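Down below are the structures I want you to see.
Below are two complexes that have chain A in common, paired first with chain B and then with chain C.
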Partner chain A sequence: MTKILAVRDLHLAMRTGEKLVPVLRGINLNLPQGEVHGLVGESGAGKTMLGRVILDILPPNAVVTAGHVDCATTGSQIKSGGRIFSNRGRSGISLIPQDPMTSLNPVKKIGKQMVEILQLAHTGPPRALQERAEALLAEVRIKKPKEVLKQYPHHLSGGMRQRVLIAMAFSSEPGIIIADEPTTALDVSVQRRVLRLIRDLQKERNTTILFITHDLGVVAKLCDKVSLMHSGMILEQGLVSEVFHSPSHPYTRSLLNAIPRYDQPREKLAPVAEDLQSQLIDEARKYDQQRQV
Partner chain B sequence: MISNGKSEVILAKRLGVALPNTAAKQWFQPTPMVPILRDIDLRAHKGQCLGIVGESGSGKTTLGRALVRLLQPTSGELLFEGRDITCLDEAALRPIRNRLQMIFQEPRAALNPRRRIDDAVSQPLLTYAKTTNNNEAREQARELLRQVGLDPALGKRYPRELSGGQLQRACIARAISIRPSLIVADEIVSGLDMSSQAQVLNLLDELRQQLGLCVIFISHDLSVVRSICDEVIVLLDGRQVESGPVSRMFSRPQRRYTRSLIQAVPLPEPDSDWLEDIIDENEIGNRVKAMNIEGTTALVTGTSRGIGRELVHALIKRGAKKVYATARSLTDIEDLEKSYPGVVETLPLDITDDTATLETAEQCQDVELLINNAGVNRMSGLLAAEGIDGARLEMETNYFGTLRMCRAFAPVLKNNSGGCIVNMLSVLSHVALPLMGSLCASKAATLRLTEGVRAELEASNTLVIAVMPGAVDTDMSRDFPPPKMPAAEVAKAVLNGIVEGQEELFPGEMASGLREGLKADPKSVEKELAGYLPG
Partner chain C sequence: MSHWYLINRLLLALPTLLGAVTITFVLLRVVPGDPIAMMTGPGATEADIAQLRAHYGLDQSIVDQFIIYLGQLFTGDFGTSISLRQDVGELIAGRLPVTVELVVIAMCIAVGFALILALKGVYWRDRWPERLIDSFIGVIVAIPDFLWALSLILILGVAIPVMPIFGRMDLTISFDSWTNFYLIESLLRGRFEVTRSVLYHMVLPAVSLALPLMAITARVLKSCLNAEMNREYITLARTRGFGRLRIIYREALRNALVPATALSGVQFTFLIGGTVLVERIFGYPGIGNMAIDAVINRDLPLIQGLVLTFAVLFILVNLFIDICITLIDPRLRYA
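Let's look at the complex of A and B:
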């Protein structure tokens, strides 16, 4: 299988005043074409930051300190000190954002917003783009695409808005998609349908997806491989079937135990233990010291 | 829900809430009201945790807000600690406000970004004059923060400096600061990651036990509800779909909707098929009342042969917990009990006998699904018959028998929070065949009976289905010319209809074709049928 995305020993830091605070510590990630890769961790683990490096939409104070990201679909390389883009440009990669409420422009109609996105990757008369937008909405199983194009975001439910964002993400036929918690804001039944939609579109187009989430349940149902992150490091990486059946890292086991389950009799939930948390943070600190030496 | 004598902290009887639809307001007209909640019954005791679950837009939050009287109910009764608070105004509510608290989904939005945490937590103490001294209030706030597992030093920080999990704990501290007896927790963990979620849930559970709090826990995630609630009510479109103890709800949900909610929770076990079996909700007729057959207890009449017998087989195949099979003579159905020991219980029952039907209802208190299948056909014309005894027998069995059963079992179903009644009719309910005019009359009467029962049970959450097959391959229609539908196919269609919440079923091509024909051109259908069975 061809490699679509390769992250090599990536280090990222945030500049706060004079100091550089490490955020990502030696990330390695390989995504072949057509793989759905789950990226799991608690809040603050650095999942979203990793997604933003790959998308090249880092905040201004973030610095790649070592390593590089190679993305075949955009022909780009992102490394310390700058980035190289080929003429294929950014249309080879897109993002499905988390919050469907804030990711759409509230004062523009859905149709207008979609055409704006389509113009980036396609040329053609406005009417053709409008028709393309309609077809895309039908593809994400929105019932009356013509009417939805004329509506504003606040007319749509959360699930519908997320479908619109998915349609936009797939509109440029990207080879890779970063999905950053796309279903966290949805209720369980809508989540299930949106996940199904993402999976179907992915299968049809053989798209590579990096699926960022804190929900191990979603990863178990959707992804082929999984990486578990804590304090900017990947602690465990492997096939979903293997990691869930025989987790090797104590943190993975601990996260799996923290999930409430409806199929088991009620018992006290076990959050990740404080000492394990602090032990992992200590390890991250030690890693930083060793690198400086 | 059972009252078991303890005094309830909160009790709602047939609670309804309507909200103004400002978008549809016209000049000089009163604002139209949209019903959001209908006929909600719930009760919760001291120290109990009651879950409210449902999809987005089902009315969970509206119910939560009505319970703490942030909204005014428009119908029904709401009792808090035995006192009617349905219509109290703001001034009358003030003395009890401190005992009704709500925790919101977004802690960042619930806390003032410009106030330090300890100020936010101590504010209720000052407002409700638990103390008048600022320093003392802050001291108490620090103690409260410790109680919810936060470092008291965090009290000096602003909300933006804390994580979501920490903020939600601060909100809990603020809610318990004035010793409430009822806390409504509205999706308090949906914004948190797994580990913080477990911490916050454990904290809420400990506080509930320590302080004897009554907690109403609103969530769309049934796994979370399972881990902390004792009882749960399920909402859909502002109606109560079902309610009961959490363990029962999860082991055998009565409604298909509850089951689909449970199945929508992704368990952390690799399974790519999980995304495959999603049902299109548009195929569901009545989503609120659609049943789940797995684990249900059913009673089927007329099981000695034909459709009745096939229904028993089909119910067991679909995972029914128990089936009461009845027939006039026990010897005809003995073999059913033998082939499904422990699952099928056979009972002798003559549905033309008043006392017998009532006794059977008394005996079968756990029935959730009643299938009225027994019926007779004398194959006689209205005028050609020798007397009216045949017609009377058909009416007595087909119409009055069904009515007796409905009357006897309606209270049983009500006790089991709704359930379903299926009346086996025939397309003949819609037409008159010359050779069996009296049967057609009895079936037509039973169709109206079914519609009447459905209307009476509208609010009680019972699904009432009329099944109208065409010619079926049974003894009853042995004189019909083919094509005839196999009885097993009819049974299958009935069970599908129950699961899909369809109120009228026309199984088979003949029945559905006839129905279309009746819609398009009733006269020609009647003409055609008159020649269908030549005298």
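Let's look at the complex of A and C:
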């Protein structure tokens, strides 16, 4: 299998005043073509930041301090000091965002926004691009795509907007897609349909997806492999079936126990232990100290 | 946007105008100061004063005076100026175009430069040009328009006398205007030497009015743009590979214009207020300058007419701005 994305010993820090606060601590990740890889962790674990490094849309105060990201579909390498990322290469990667309500430009019609994206990769008369946009909307199972193209984002529901954003993400035929909690802002019934849609489109195109989420249920349904993150480190990585059946890290076990199950009494539901949390944070601090010596 | 919306807004303006008329009318008659004493010299006899008082209806009760005034307003009669002994409606119609031209030019200067400053500031975010622009805006905003007027006169009128500092145009040119919109009329009639002279005389007062307005607009627009640049749809545009310049102009700008335009309605009030002092300083024959004379002479009908004019201007400008906002932001349509 072709390797699409390789993250090697990646360290990222945020500059706050004179200090560098570590955010990612030695991330290693390999995604072959066609793999759907779940990236799981609680808020502040660094999942989104990892996604942003790969997309090269870091905030200006974030610094890659060591390691690098190689992306085959964009032909780019991101490492400390320099980023090589040609605008043309951008069509090799795209993002499905978390919040469909704020991710479309509110003052532009859907059709205009889609055509503008298509213009980046395709040349051709506006008419052809318009038809291409229509076909894309039909592919994400939007009924009456012609009418949706003429509408503004606020005319559409959250689920519809997420479908539009998915169509936009797939429109440049990217080799890899970063999906950053794409269903968190949607209600449960819409969530399922959107997940199935992403899965179907992924299968048709054999796209590699890095699926960022904090929902282990979604990972179980959608992903081939999974990485568990905490404090900017990957604690456990492996095939979903293996990790879910025989978790090796105590944090993973604790997370899996925290999933509510209808077939078990409520008493068995245990929150992630606080001492385990602080232990993980201590480990992260020790790691930082050792690196500085 | 329906016609009903416009009709509704205009109807709602009527109570506002009535309020403005009532407050001005009552205040002017409660506040000390006698127009008759101002127009007659110290040698006037009691009988002369009483006769004049009766002539202008000032011997009647405030309520009676108000009812008569309102009745005249409905027939389009603004009364007769006490100090100038001319019809108030005609006086204002002659002076209003002067101020309107000045204000429109000042607005254009202010908005144009505010756009440039805000866009450049956002483009160079977190780098030294942004800090330079911020401090420049800070200095400009701290100095009020009449001080700008005086400084500009001192620098460009006295120290290096390159600009005219008095009046609307060169007195040696004769121009018989039909509308008093010298700028437009002279252009249409091909009297370009008039246009030149009017523009030349307009530079200093317009710039004095524009500078503080420009600074405030630039500051608001810049912070709106910066807020837009942190939005999710901008992040997405970045992942697609759109350049920073394009993202600012074609994604963020239109969104940032919505709050900035809404605020310019408030700023327009300051601009109108500013014309009073600035026109006075430059001897500019607009309604602002006229308002000062009217107040000094306690010319009650003229003051009332001018306040009413300011109120109408304010209502029309705000209506215009509201329409602009709905054109910019599709979410505000059909509401």
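In the analysis below, the second predicted complex is superposed on the first by the 287 of 293 C-alpha atoms of A that agree within 3 Å, B and C clash if a C-alpha of one lies under 4 Å from a C-alpha of the other, contacts with A are read in each partner's own complex, and residues count from 1 in each chain.
Here, a contact is a pair of C-beta atoms (placed from the backbone, for glycine too) under 8 Å apart; a residue touches a chain by one contact, two chains touch by 3 or more.
Everything quoted here is computed from the prediction, not taken from an experiment.
Asker: More residues of chain A in touch with chain C or with chain B?
Answerer: Partner with more touched residues of chain A: B.
Asker: Under the stated touch criterion, which partner chain does A:256 make contact with: chain B (first), chain C (second), both, or neither?
Answerer: The first partner, chain B, only.
Asker: Tell me which partner A:93 touches in the superposition: chain B (first), chain C (second), both or neither.
Answerer: The second partner, chain C, only.
Asker: For a test of understanding, state which residues of chain A touch chain C in their complex under the given definition.
Answerer: 55, 57, 60, 87-91, 93-95, 97-99, 102-107, 117, 120, 152, 154, 165, 168, 172
Asker: Which of the residues in chain B come into contact with chain A in the complex?
Answerer: Per the touch definition, chain B meets chain A at residues 55-57, 163-165, 192-199, 201-202, 205, 220-224, 226-228, 246-247, 250, 260-262, 264-272, 274-275, 278.
Asker: Quick one: which bits of chain A touch chain B in the complex? Just the residue numbers, please.
Answerer: 42-44, 157-159, 186-193, 195-196, 199, 214-222, 240-241, 244-245, 254-256, 258-263, 265-272
Asker: Can you tell me which positions in chain C touch chain A when the two form their complex?
Answerer: Per the touch definition, chain C meets chain A at residues 126, 231-233, 235-243, 251, 254-255, 328-331.
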